[in-house]
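Two complexes follow with subunit A in common, the first pairing it with subunit B and the second with subunit C.
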Partner chain A sequence: MKFFKGYRRSDGSIGVRNHVIVINTVGEVASLTKKVAQMVPGVIPIVHQAGQSQSLEDIEQTMNALLGTAGHANVSGALILGMGQDDTAEEIVKVLKNKGRHVHSINFNKTQSISEALREGKLWLENAKERSENEPTEMADVSELIIGLECGGSDAWSGITANPAIGAFSDSIVKDGGTSILAETTEAVGTEHILARRAVNEAVGQKFLDIVKRYEERAWAAGENIRSANPSPGNKVGGLTTLEEKSLGCIKKGGNSTLMEVIDYAQRPTEKGFIFMDTPGYDVESVAGLVAGGSQIVLFSTGKGSPTGSPIAPVIKIGTNSKLYQNMPEHIDINAGKIIDSYLSIEDIGKEIYEKVISVANGEVTSSEKHKNQEFSIWRLAETM
Partner chain B sequence: MEQKIGALMLNSMDNVAVALENLKAGESISIQGKEGLVKVFKSIPYGHKIAVHPILKDEKVIKYGECMGIATETIPVGHHVHVSNVRGLNKEDKTAVTLKGGVEK
Partner chain C sequence: MKYFFNGFRRNDGSAGTRNYVGIVSSVICSSAVVREISEKVDGTVPFVHANGCAQLGDDLKLTKNMLVGVTTNPNIHSALIVGLGCETNQVSGMLKSIPKTKPITGIGIQQLFGGENTINKGVSITKEWVEAAAKQKREKIPLSSLTIGVLAVEHDDHSLATTTSVIGQVVDELVDSQVNVIFGMSKTLEPAGDMLAERISDADEKKKLIDASKGLERLRWSDAQLGSKTFSEFTDEQLHSAKLEAKMAGKKPISSVLDFGEIPNKNGLHLMRNSSNLVESLSKMAAAGCSAVIIVSSRGVLTGSVALPCITITPETDPNSFDELVDYTIKNNGNNDYKEEIIALLQEVCSGKKTKLEELELGEFSIPHLGTTY
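After this line comes the complex of A and B, so read on.
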């Protein structure tokens, strides 16, 4: 069955979860964000330290990430907390209200006591929670799913088991009309010519080459040479011979489909099919960007067991080897190590991933959700001022 | 008795397979994705690559159906494929219309 029961939003998107969240727009109100969320059971606090004293490019990137998170299809209602004269919270509410979304903002400033502001937040959240419980679901086709593809804590098996299996899944869902988003620009260095060649047209291919170049230049400025540092001595001991081979192991999460679009961090794709998002290799920031870009579910391959989750999107953990699965059974959703010791094929695990995605879209709780792994951090490009 | 599977080909176009366990010199292994047996020339640790087709000097080494490097010497079937006999791509390789061997994509 390739359908799922989702929550249709006023802007046309469809969620696989129905969360009520509180999110801060500036780091100063991070603790108040947690405090107000704790006052209403089931409300999720999304806390980060960005938002103030940023460069223009970071202001834009932070805004996109906040808008994409607060207005996400998995979110039923969002309370947005700001501070002082900063109008980011009102700005977000204005944009999302225009789309008919259920949102409210509170700015902490000298006109209202903290306890009054918290009371206002608590009341709004109680109503939002009650409202969310009465929202209906409807049947939707997998072509409405956007799946983020991520890896973290990779090992020598990542490129052999879990990542190619994710690639097999990605090709299947793309064939069914759905969307998958590959990320982590740094991991693509060395294979940019391969992905660029898979682009639907020259402009998309060129944009991909441009973001890789931009990333390398930023790394250069910080004194890092990605090309000469990879594969690392440890990688070589593990069997990786060239940079191309190492990067292929990562980008093969995207299978062999045509690259339809290259998007900026936290941006929503306008095309369906296989997409690339410009994100850093750091898994927390990358997952936050993928989710802000509309991914309702994230697939996450790991060899060492990185616990990274998301506050609003179910993250499905795919272990690369059976030892990890035996040691952390509560933490891994799918064991791709069966390719090594049970001789299952990459396609077999790809199918298992697809079944799991449908089941999770229908409400099955993932390991990261069960353990409330709700990491969130926004990618910063420049110095804080 | 069913032959154990010692290595995995990630794509049917590949000329290398990945060892799923430590392979011993002289043993014959079957490979997932390929018919017949391959005799291991020298020991190969798990996670490393074994040649499943002969690869001539200056030919592409293909894994995942893509070019992952260039052979710096001729590599016979069953041999270890690694840094001693493969180099990464340079700019000219990437812009070249065709490289010898392998499958152009």
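After this line comes the complex of A and C, so read on.
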């Protein structure tokens, strides 16, 4: 049995961090969101430009991402800033309050002045921060962990070192009763038959094939070839020649476990075990979806060296080669290049990853947390209206 | 020449109302580094956004054009572009597209082996530029050297009744004085497209407006599949409001209809297609070369642009309509010469007076999406 110390939330979930955040529902409030966060040390602002002037499918997706972020297990308290009529801030608060979560909304709707609203926000955040500092931790089993699996800035080593090692870890935690979520539908293109074969039943397998097909069709319908954005220029410099080759490396992160469920962007899995989430290959948006879906920690392999993180979840960076580790040690937590030059096995690095995951769950700060890499963006499906 | 302001002359003949050192991220992955450099060096403004990788076609082109556009903006004294290295929107490609009229340098996190090195290098480069910028003094420059944006935001028939003819007169006066004016055209103005088209001589530009009046081509995933490209017909109320709003664009001939982060190639009055997202619209105007924007709304707006001053004008309304954010109020029954007062305020702001949004340091930058990311 493996355990970690976490923060138990009123909805039953368990967090590995205890953040107080401020998040906006619409782009116009982004500046005020940052301003109010700056008033209280330690509060994390999360801003974005989604939430308005969008197609219905995007509004829905934004709402799911905001709900999943504000109600995340790593969040102790969330202040949600909105504006005007029909704003979603109050609805988000209602949903989360029903689950007993500590949330508050301020709607800039002309009933109070800006300075009054900022004062209200500051007071609430100060209380929330104090409240968070007094929250106890408790021991929890790793079966309560959801780990997101991501890659960014991939190279030809990704599919040989870091991704298979993440796969070995994924198989271990699944065996221990935990959950891992593979993502990036773009990078399933060309390999969908392999994952579909591992589905627990025909319906899950079919859903997986459907989202991959929908993905490629969405690009064709807009007159574009998905393969011209992927692999990216950096991927090619790193030795990847085609999307299929990138994909074959990408899905290695999923190990060999049975695919239990296929979920939409920012949706929380209902099953435990190995899961697939429909996200774009764009790493920041993919990580935001994985985290909104409940991942407390994200594993992120990189060959070229990508520093990005998440505002609320620790992201563990796994370098694919030792040269990268020597060049950019500040951004890499684990060097999977040792599989090539230090005679370590994929399983050895898988174990190292597992130990790191437990240690990070217990509070060890990752490189992306240390450097305040708090990038956040919600996957957009269509044009801004 | 009737109107002047005190501003910063640029090598390409344009003029700035502010003298910022810009730090531009080519992709979201370098945004934390860009923010940190900017926090460390006073006098710099960060251009961070959510785009730059895993984009295709027109969507990618718009991102690149807008970033090249803000770098070229006359309010930007010099610009540092910070990339990651492996992104689709490469720094080298941006550098090729930016005219060499001001100090521009590009650096990358992977090329410099990490964020810390990149921050140190960025701080040392921009500190030097900030010192150089501080030495540059404001000079008396004709207002006609400027491009001014006019953006109508969240108005209703009631507020339009007060603002539209006043702003129309301001726009006419600016155009008569050879100021380049970009008027934002959002969804609410589209139904008046055919009416505005009568003011355009160029057949291609005219067609763009007539098409807009039929409902813009907005490709949604589900629409694209069905081959449908237009919205349903506008209602009478939408038509009525649009015609009222169109008066805000004055009576002068329209030179062009701008899209995709285009920069106008001749002086005059231009319409720019905008989304209903305030931050994206202001960012598009900054990318098109505007040095200041007049925002006309029924209320104070909650954010401006990091690149340029935004003057907020509202009609006189009930108290608490975010008055702390409003620079100028048009009264219902006043006898003031609003046109002259607004242009005088514009000259003051262009000469360095801070707007309410600038005083509160409320400014953003963002790039619209034309499609999904991959």
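Quick notes on this structure:
One rule holds in what follows: the second predicted complex is superposed on the first by the 358 of 385 C-alpha atoms of A that agree within 3 Å, B and C clash if a C-alpha of one lies under 4 Å from a C-alpha of the other, contacts with A are read in each partner's own complex, and residues count from 1 in each chain.
Here is the rule we go by: a residue touches a chain if its C-beta (ideal position, glycine included) is under 8 Å from a C-beta of that chain, and two chains touch if they have at least 3 such contacts.
All values derive from a computational prediction rather than experimental measurement.
Contacts of A:G238 after superposition on the shared chain: both subunit B and subunit C are touched. When the two complexes are overlaid on their common chain A, residue A:T111 makes contact with subunit C while staying clear of subunit B.
Using the contact criterion defined above for the overlaid structures, shared-chain residue A:S10 touches neither subunit B nor subunit C, since it reaches no partner.
Residue contacts after overlaying the shared chain place A:A221 against subunit C, while subunit B stays out of touching range.
By the touch criterion defined above, A:S143 lies against neither subunit B nor subunit C after alignment on the C-alpha atoms of chain A.
In the superposition on chain A, A:S342 contacts neither subunit B nor subunit C.
Between subunit B and subunit C, the partner in contact with more residues of subunit A is C. After overlaying the two complexes on the shared chain, residue contacts for A:L32 are found with subunit C alone; subunit B is out of touch.
Residue contacts after overlaying the shared chain place A:H331 against subunit C, while subunit B stays out of touching range.
Taken together, the two complexes place residues 238 of subunit A in contact with subunit B and also with subunit C.
The residues of subunit A lying in touch with subunit C in their complex are 27-32, 35, 48-49, 52-53, 55, 57, 83-84, 108, 110-115, 152-153, 186, 217-219, 221-226, 228-230, 232-235, 237-238, 280-285, 304-308, 327-331, 371-375, 377, 379-385. Residue ranges of subunit A in contact with subunit B, taken from their complex: 156-157, 160, 164, 190-191, 193-194, 197, 236, 238-239, 241-245, 248-249, 252, 256, 339-341, 343, 345-346. Only residues 5, 8, 10, 18-21, 32, 45-49, 61, 63-69, 81-83, 86-89, 94, 105 of subunit B touch subunit A when the two sit together in their complex. Of all the residues in subunit C, the ones that touch subunit A in their complex are 28-29, 31-33, 36, 50, 53-57, 60, 84-88, 90, 109-110, 113-116, 154, 187, 218-222, 224-225, 275-280, 299-303, 318, 320-325, 360-364, 366, 368-374.
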